[in-house]
Every structure is written in structure tokens, then in C-alpha cells.
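The data blocks that follow each hold one structure.
Here come two complexes built around chain A, the first alongside chain B, the second alongside chain C.
Moving on, here comes the complex of A and B:
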């Protein structure tokens, strides 16, 4: 058995990635003329759309590196048959990270106080009290450090993986040393991840939009949302490559496990959603319910329930069955649905806080999202051509070959 | 050929030495067939004495009332609920090991799952005592059961998390017991088949439910395990989630915070693994089971401890940060009552931080993860820390009420409060000693299941597969 190790980007793939990126660019331009040049509220919508789209897709592609590092620390062998796919997706953290950075900085330096009220606190005592955390300098410094940390540590992890291709088969001792080395860098990434995605960053970038409101669950909730979407994205790429005759070592067993991850983390997301919502609803303190008031009882009611239907009910009912996790078509459908569902979740987290009185979800939102999807395709596609699709010398690869779920 | 039993040579074996199937049976069943050792008798006696002291302490409380404890006007929950949460938390490792790690196909669970599941059951038994006796009029305990009754329209309060606790924990206990016992069946049958004495044959015969080891039995057994694992997985999360609701649904500053559910679950697993380490480090030594509960097992569990300890750490710091970020004076005051060392209970907060967040960070180092003495020491530290976590959450959040006139006097437990706690240790260890004497502490059948893949001597036969190129290997073995 020989492997097709070299990925060649199909012309159609390339064309679509370009078209989608073009759609994104055009949408931003049109959006700028429609909203960006308008009054403050329209301006806030323009920037809000850029904010939630860029951060959503950034966290989603970053989840691929989280997946790599978490499975490295857990010494998981099963995922090695598609390891290079996760790596390629994580490359997209670089362009999207830079774009997000530009958008975030533009928000702060452009004094977008309709999004970040804390930029102009006036004599608001609560916001003034938070000044040590909510101030432009800290925001910029922490954003730089966060994104640079993800990019650099991720690059390091990919480099360690690439080194394998240049070497021959590893002996037992070399294998142990290799595993040790990836574990060290993987844990550094995870620690940085815990300090950013699982705590500070969602507070800073998103929660501070409602500058008075707070919820300790917020960051873990954001993490769960982006992680399950990240798994869905990886599944899509794996199935695409598989359908084009690559990834010979991947079979239904691996897809079944990816399906289990999607199922399990959809439930986990729901668990965090419920815990946050129920506790706020139950205690019924106005300072806290202010966040959900217009989402549950106001204009966002439809989106509120849509969120639950797509991200909880659909995975629960559809992915529960064993056969549906082994069915390519259903998995593709569910992956797309989950990616869309959590995009909607991010939409309501950001836009629901910026524009509380009316819901505006139109081609502008979808166009910008399309641009990021094109960018991910372009970036991950290029990354896939750079290296062998099989991590041939990885000590655990053979476990993945005979993997049986 | 999907049935190839191969794993990378880079992984440490899970059964060391040159063991055959027969050796496995022999090694694990031997302690059951021998007379109890002197050490066992000493340990058992101490446990029973502790249990008796506990029974007397509870007797005082039942006869003279809650006044036997030092609970006071703002501290309505003290040691009792602290102990309750602590014991429930400990149980979680067993369920995680038996259910979630089964779904994750972690081979190392086979060495530790049986003892961990037993620990779960005993820990939940201990936990249950506290809310029951805290009722004061314990003979009314059946009031928590919702049934059409003769007390008029008097029903339990369905919107109270305390009632959800009743359901959650009784479900948890039932499923854990079923899981543990159905796993025991093949092993009990093994003990039965080896028995020489008549009474032993009879006793284990009854307990094994007529297990014959036929294919059909195995098939159903495996299916049942998976179903129970599927049921137990949400239970691992739900039980401590609901315990956290006991606090978080309230509007008490320090209790009402949305991160409580997942953070309680992480903390529960953290303390549970520490207790598994405490028990197994002793058990493997006393029963000579070092080949089955290897350093690899100890190390992996230490990894879980550093992971969950760090998750708990992120949660502590999140809580502390948000109490400031929220700029709510009551929240800030509640947290100052914790971190400020000049407050009466400030010391307990830092003890908790030291034991649960800082101390486990030593386990980033492989040498320390594989050091038995250090691991044992750490397992105690973590359990002390986790006890103080609950103490901090409960006592420091309620001892200063909204008006200083109702700030309580310093709360310290009476001897009977401590005695009740010690008594549950007695109960726990009495049960564990009996278990270790009469049941196989390691799942024999499951060890045999992984032996040819993870056993040291069998792994050595895999050298050829290890050397094969991925292409050749895939050609021969991929399915």
C-alpha cells in the first residue's frame, strides 16, 4: 500500500476560495458604504459584524491547534491519520489572527464607544472602577500577546511535527524523546490557551461590550462554542480530502470518533449554556438578567431558540446514532450545521449586545463570513501542499492505522 | 486484520513482568483466599472504632438536637455540608474512570477502575449521612420523597436544588452500584470456581448470579457495560453540577456565580483522583499488586490531578477577578472575607489555594509524578485542600451577614461535629477493608482483556510490527 502524500489543490477548490474571499472583500466594502459611513449606530453594526466574524473564525481555527495539543498531552494515537489536516487548519490562525488584531485595534483606537462603552466611561462609577482592566493600553498589549502567543507556539508545534518527515523511522528511545518534546511545547500552548481563551480574552473582547454585566462562565462558554465548531471544521476537511482520494489511512472509525467529539462537545456546550442561563434566570437579579432580557423576551427571541435547536437538539437527535457518525453525508451536513449554529451564537453574543432593539442579519453578515471561509480554505489548502499528508515517522501512527472505535 | 493487538513501544506497559492469564488470576485472587493479615486486622479494628465513635456522635445529635453542633445564626451550614460536598466529590473519580475512560478507550483504567468504583459507592454512602442527619428530626427524612401522602397537599419543593440533590445522588448511587456489581460478576465467578471450601463456593456462587462465562453472557455483559457507561457519563457531570446549584441558585455573594457547575465537577474529579491515589498506593503495596497498578498508572493519575487542579485554579482566579470586575460591593466584600488574611477565616482561603492550585503544579515534573512517597503526600494535601475549598465556600460566604450586628461569632466545630466526620471515615474504611478482603480489587477479566496488547512480555513480541514501514503495516493490518 502506498500513500498519496502530496496534496495538489484542485482548480475548483482554488477558484472557490478566491471567489469567497472576493465576496468577503466586496461585502466589507459595500458594508462600509452602507453602514460604516453612516451614523454611530450603523457604524457600530459595521464594526460589530467584523468583530464577531473575525474572532469567531479565529477561535475556530485556533481550536485545531488546541485539539493537537490536547491529544498530544493525552497521548492520543487515533488522530494521527489526519494530524496534518489539523495542522494545516491551524495555519489559518496567522492571517485571521492578523485581521482580527487589526479590527480589534481599530475598534479601540477608533473610539468605537457604541461597541466598547468603556472607552468613554464619563462619570460611570462602575466602568471607572474597572479601569485597571478595561483600558486601551491593556487591551492592545494583551491582544498582541495573545495572538502572537497562539501564532508562535502553534508554529513551533507544526515545526516539531515537520521535523519528523526529515528523519528516518524513530527507535524506541528516539520516539520517547520525541513524545516528550511535543508534550513540553504542547503544554506551553495549553497553558497560554487557558490564560487567554479560557479566561481573559472573551472577557476583554466580548464580555466588555456589556460593560456593566458579568458572568464567570462567559469564557468557558465561548471556548466550548468555538471548540465544537473547530471539530466540525476539521471533519469537513478530512472528508473533503478523503473524497478526493487522499488520507488512505482514515476510515469510518476515525470519522466515527470525530462524530463523537462533535456530539459530546455539543452536549458540553449545552451544559454550559444551561448552567449560565439557568443560574441567572433562577436568581433573577436585574444586574444579571439584563443580558438575557432582550435575548429571550425581546427581538432576539427567534435567534435565542434557533441557537438551541441547531446547537443542541440537532446534534443530540442526529448524532446520537452510531450509524450517523459513520455516514459521510450526514457528518458533512452536521459539520456545516454546527459551524453555522455557533456562528449564530457568536452573532447573538456580539450583535445582541450592540444593537439591543432590533435584529439585523443580512447579506452583509453572510458575505463577511464567506470571506473568512474563503481565507481558511486558501490558507489551509496551501498549508496542506507544503508537507506530506501522512506523519510517517510518528511513533503512534500505527495505532491510528489499526484504530478501531 | 483489525484484531491485531498492537500498541506503540513508546508507551509504557500496563502490566509489568511476564504474566500469563493464570498468573493474573492467581495474583489478584490470592489475597481473598488467604487469612487476613495482621495489618488488615489492625486497620479494620481502627476503622470500626472510628465508625462507632461516629455512631455515638450522631446519637448525641439525634437525641439532643442540632444544638450539639456549633452551627449558629448565620452559619446554618458548617462542617456537615462541607463534609457532604467533600465526600460526594470524592466519588466522582470512580465514575469518571469507569464510564468516561471506558468511552475514551483508556487501557490504564483497567488497573484502577474496580477499587475506584468501590470508593465511589462508599464515598456516596458517607456523603448521604450528612444532609440526612442535618435535618435534625431525622425520623422525618422520608419527607424528601415525593409521593402522594396523607399530609394534605404537602409536596416537596420541586424548584429547590436540595430536592434535585436527592434525585441526583440516589440515581448516582444506584447506577454506580449497578456498574460496579455487573463488572464484578465474572470475577466473582472466578473466585467461586477456584474455591475449595464449601461455604466459599456457595457464597460466591450466589453472588455471581450463575455466571458461566458463555459467549452469550459475555456479549450481554459488554453491551450492559456500554449502556451503563453511557448513562454514567452525564451523571459524572450532573451530580456535582446539582450540588453546585445548592449554592449557586441562591443570591448569596460568593455563592451565586455561573462558573460553579463545571468548576465543581473539575474539583470533584480532582479530589477523587487524589483519594484513589491514597487508597491504591497502599493497596498495591499491601497486596503485592505492583505489576498491575504500575508506576505508569500512578503517573497518569497524577497528570489528571495537575490538569484538574489547574482547571480549578483558573476557576478560583476567575471568581476572584470577576468579584472585582463586577464592582459590586457585596461581591467584593464576600471575597475580601476570603483573601484578606486579617479576616477570621483568611487563613483557610490561602490554605485552599496552596493545596489545590500551587501544590499540584509540582506534577509538571515527571520525576515527581513517578515518586510514590511524594504522590502519597500530595494526595493527602489535595484532599485537605478540597475539604477547605468547601469550607471556604460555605463558611466564609455566610459568617458575615449584611448587617454587622448579625455577624456571627467565630465558628469552630464541637467534638460531636468532628466525631460525625471521623465516623464517616470509619464507615468508608470499614467498607473498603471488607471489599479488599472479599472481592478482587482489580478487574481480573478486564486486565486479561488488555494483557496481550499492553502486557510487558507481549509487547516485546511486537518488535517486527514496530519496525515495519507504515506502508507495509497498513497493507497487512489496515481494515
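Moving on, here comes the complex of A and C:
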């Protein structure tokens, strides 16, 4: 068997990643002059856009490593034919993590109390009651630990996988030891992931914008958003590489499973979205409905229902058929739609709380998003060239080759 | 009821079965069915079976469940017996969603199980002819249906040439029927004379 194992970045790919990153930088600069230097509310919009974009793309690329660890723990074999792609995407956690970290720290140290109201609690009893969790020291320490944990544990997982390339085919005993080792490190990552993405981090970074309000569904909801968008991103990369003659081992069966993941987690996202919405709607207690009031009945009404149509109805109706999960064009379309839909979701989660009275969604938002997309392309593209695209010596590789849904 | 004549070949290895199915189809024989002790990936494609339409049926049942739930609850709470519950509107859609979801799942699940049983010709008290008892244990049984142009001896020889271990000819009811095996066994012999003469 001989495969095209080594990815070479096409000139067009490199050019586009550079252009997008330049667009992002220019947008941030223009945004700074338009909003950042303005009054407090304009300033809050500037930082809010940076906040939701950086955290959204950070969680999306981080979901690639979550996918690797979860499938490793489940003793999955089918994903090995494109495992190096997920690994390469998760490399982008390093630059985007650093950018998000800088933004988050700047928010806290810059006393952005229009975003993080809890920075200046005054004599607000509700916020004082949450002081043990919502205070600058804890915020900074936990943010450092969170992002460092993702970067270090992710790097460790990639290193374990890279070691396979240096060795020849594994014996049965070596294979067992390898699976044990990668399972242990994968579960450590998952524990850290559960303590951060699936619980504390969305509370700390996003939910604390509405410091008075709380929802136990919030973190799961954020996690579901980022995971389904992460699967969509992986699908895009897999199809791109496949169309350029790489990844011979990937076929429709693997894409079918990626499509199933997109379908299933879109429904899971809706389940959480609805669980959060219905209980608050039913109980109708003012301190809870404050979150939904301007979203459902106020200026964000359009975006609120657009969110539901793109992220629930479209995947439900389009991805339901078996043939659409095996169709490259439709999968690309759905991946782009889902990435956009959850970006809009993050937009309304953050900006909807910062500026409650009027909706502003303009080229600044899209420009910053383009910058992060360029950064993901650049760093994942570079990471793809570093290693063979096939995890040749993995004990479960055969399972992926003969995979049949 | 349709009594037909079958040539039955039993294989003891799925690696032999796969090419055998391909050759038999290429030679133009009509495969009635292949009975295996466990599901075999890709056998349906080799046999040239079309994709099942069970999922389409499931979708229709699901839609029926959704429509039933919404229209019934809507009728009860807006026409038949409107109640003011916590100041909510008479048609409170979010409150109806869980019940709608459950009825959708119930309808599609029950409907699909029944459809599946029908497609597999399974039902209580219903009988199907067994071509080989060991098809549920360790043999892969390929059954060819004899048409008016099939030469039994040629078919038997062909099955032997593609690797069948045991070959015989059976005259049996092709569909499912209600009743007892012994009673029907007798029926076959009488009817077979007429229908296959």
C-alpha cells in the first residue's frame, strides 16, 4: 500500500489563510478606532465582539481534541483514517488560546464592567453572594489553568500519537501498552474538559455577563454548540483533503458517521436549548425571564428564531436522509451552515447580554470571525504538514480501513 | 399461498459464500434468500437487494405522531375545554413540545417495529418454512428459486461447483402461513403435484 501521506500546503490555501488573517487584523484595528475609542457602550461592543469570536473558535478547535479523546476512551477505530486531521485542528488551540487569554485578562484587568458587571459589585447583594466564584483573582487563575490544561494535555495526546510514526508495526503486547497509555492520557484530558468546558468555563466567561441570572443548562448548551461546530469543522477539513487527493482511507462510510455526529449533536443542542428555555418560560419568574425577555420579545427576536431554524430545523430535515450524509456537497453545505449557526448562537449569547436594546451585527463581527478562520487554516495547515496523514502503526487502523456503517 | 420448488445449498464459510453469491447471480439464477446465523456486512449489496424503505415508513409514522399530538392537544385546549393555566395562552406550544416529542417517538417506534415484523414475515402464530435447521447455528444457507426454465440438476451442479457443502431440492411454501407445520407438510405434497406439474 502506498498513500500520499505528506500534506503540502497548496499556494491558494496559504494565500487565503493569509488574506483572512489580514482581514481579521484590519477589522480589529478599524473596530478599535470605530468602537474601542468611543464611549463605554461602544467600547463594550468592541470587547464583546472580540470575546465571543475568540472563545467560539477556541472551543470549536478544542472540540477536535475532545473528539479524539472521547473516541479513544470508547475504543473507537473508525475515526483513525482522519485522526491526524483532528489532531492538526486541535493545534490551533495554542494560538487561539493565547489570544483568548489576552482578551479575557484585558477584560478583567481593564475593568470592563459593562461586560463583566461583577467586577464592580458595589452593594449588590446577589453579586456579593457569588463573590467566591466571581472575583478577578479566581477568574484569572482559573482561565490560566483552563487554557494551559487544554494546550498541555492536547500536546501530550498528539505526542503519543506522533511516537507511533517513529516505531515500526507494533507487536500485540506493544499495542496493548500503547492503547493503555493513550487511554490514560485521553481520560485525563476528558476530566479536565468536563471541569472546564462542560461546567465552569461557560459560567465564568459567558454567563457572568448576566451576573444576576443563572442557568444550570448553560455550560452543556455551550458545550453542545462547540462540539457540533467542531465536528463540522473536521468534516470540512476531511472533505478538503479528500478532494485534493489525500486521505485515501477515508470513504463515504467515515463521512456518513461524521454526518451522523452532526445530526445527532444538532438534536442534542436543541434538546438543551429547549430544556433551558421551556423551564424558564413555564415558571415565568422575573429573575429568570430577564435573560429571554429581549431575546424572544425584544430586538433579538429575529436572530433568536434564525438560530433555531439554522441549528435545529435545517440539520433535522436535511441530514435525516442517509443519502445526504453520504453526499460531499451537502455535507460541506451543512458544515458551513452549522459553523455559521453556532457562531450566531454565540453572538446572541454574548452581545445579546451586553447590548440589550439594539442589535448591531456588521462587517466588524464578520471581519474578526474571518481572522480567526484564517488563523485556524494557517495553524491546522502547518500542523498537517508536520506528520504523516495516516496513523500507520495504530493497532486499530484496520478497523478504520474496513469500516462499514 | 404459493408452493414453489427450491434448490438449497449450504455453505460453512462466509468467505466462500460471498463469491458464490456473486457467481450464482451472474449465472442468472434467481436467489430466493440467503439465511445466515449472524448479520453479514455487505451481503445485501452482493445480493443486489435495494435499500430498505423502513426509515421512510418511520418518518411517516413520526409525522403522524406529531400531527396527532398537536392537533389533539390543540383541539382540547382551544375548542373543547379551554383552561387558564398560569396565565399561559390556550395553545402554549413550548408546553406541548415534550408530549409531541413523546408521541412522535411512540408512533414511529411502534410503527417501525410492526413494519419490520411484516417485512421479515414475523408475527405470533405465523409459520415459515425452514430450509435448514443449522442456518441459525453455523451454516450459511443459499436458497435458489426454481422458475419454469430452471434445470434442477444443473442448478445443483452449479452450487456444488461454487463450494456448497450440502445441496438438496425442497418443495415448500414460499410465504408465511397460519397453522401447524405438520398439517402444511401434508398440504405441500398434494399441492406440489398440481402446481408444479
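Keep this in mind: the second predicted complex is superposed on the first by the 404 of 405 C-alpha atoms of A that agree within 3 Å, B and C clash if a C-alpha of one lies under 4 Å from a C-alpha of the other, contacts with A are read in each partner's own complex, and residues count from 1 in each chain.
Basically, a residue touches a chain if its C-beta (ideal position, glycine included) is under 8 Å from a C-beta of that chain, and two chains touch if they have at least 3 such contacts.
This one's a predicted model, so the numbers in the text were calculated from it and none came from an experiment.
A.B. asks: Given the superposition on chain A, are chain B and chain C in a clash or a fit?
C.D. replies: Overlaying the two complexes on chain A (C-alpha atoms) leaves chain C and chain B clashing.
A.B. asks: State whether A:297 touches chain B only (first), chain C only (second), both chains, or neither.
C.D. replies: After superposing on A, A:297 lies clear of both chain B and chain C.
A.B. asks: After superposition on the shared chain, which partner residues are touched by A:272: those of chain B (first), chain C (second), both, or neither?
C.D. replies: first
A.B. asks: Go through the superposed model and pick first if A:322 touches only chain B, second if only chain C, both, or neither.
C.D. replies: second
A.B. asks: Is A:169 contacted by the first partner chain B, the second partner chain C, both or neither?
C.D. replies: First partner only.
A.B. asks: One more residue to check, A:404. First (chain B), second (chain C), both or neither?
C.D. replies: So A:404 meets both chain B and chain C here.
A.B. asks: Contact-wise, after the overlay, does A:385 reach chain B, chain C, both or neither (first, second, both, neither)?
C.D. replies: Neither: A:385 stays clear of chain B and chain C.
A.B. asks: Between chain B and chain C, pick out the one touching the greater number of residues of chain A.
C.D. replies: B
A.B. asks: Which holds for A:282: it touches chain B only (first), chain C only (second), both, or neither?
C.D. replies: both
A.B. asks: Tell me which partner A:120 touches in the superposition: chain B (first), chain C (second), both or neither.
C.D. replies: The answer is neither, since A:120 touches no partner chain.
A.B. asks: Using the superposition on chain A as set up above, list the residues of chain A that contact both chain B and chain C.
C.D. replies: Of chain A, residues 282, 404 contact chain B in one complex and chain C in the other.
A.B. asks: Quick check on the complex: what are the chain A residues that touch chain C?
C.D. replies: 274, 277-278, 281-282, 284, 320, 322, 404
A.B. asks: In the complex, go through chain B and note every residue touching chain A.
C.D. replies: Listed in rising order, the residues of chain B that touch chain A are 2, 4, 6-11, 103, 105, 234, 237, 241, 245, 248-251, 256-262, 303, 310, 314-315, 317-319, 321-322, 325-328, 364, 465-475, 477-479.
A.B. asks: Over in the complex, which chain C residues touch chain A? Could you list them?
C.D. replies: So the residues of chain C in touch with chain A come to 41-42, 51, 55, 59, 86-88, 94-95, 97-98.
A.B. asks: In the complex of these two chains, what residues of chain A are touching chain B?
C.D. replies: Residues in contact with chain B: 1-3, 73, 75, 77, 125-126, 129-130, 133, 169, 172, 175-176, 179, 187, 194, 198-199, 203, 214-220, 248-249, 251, 260, 267, 271-272, 275-276, 279-280, 282-283, 285, 287, 390, 392, 395-399, 401-402, 404-405.
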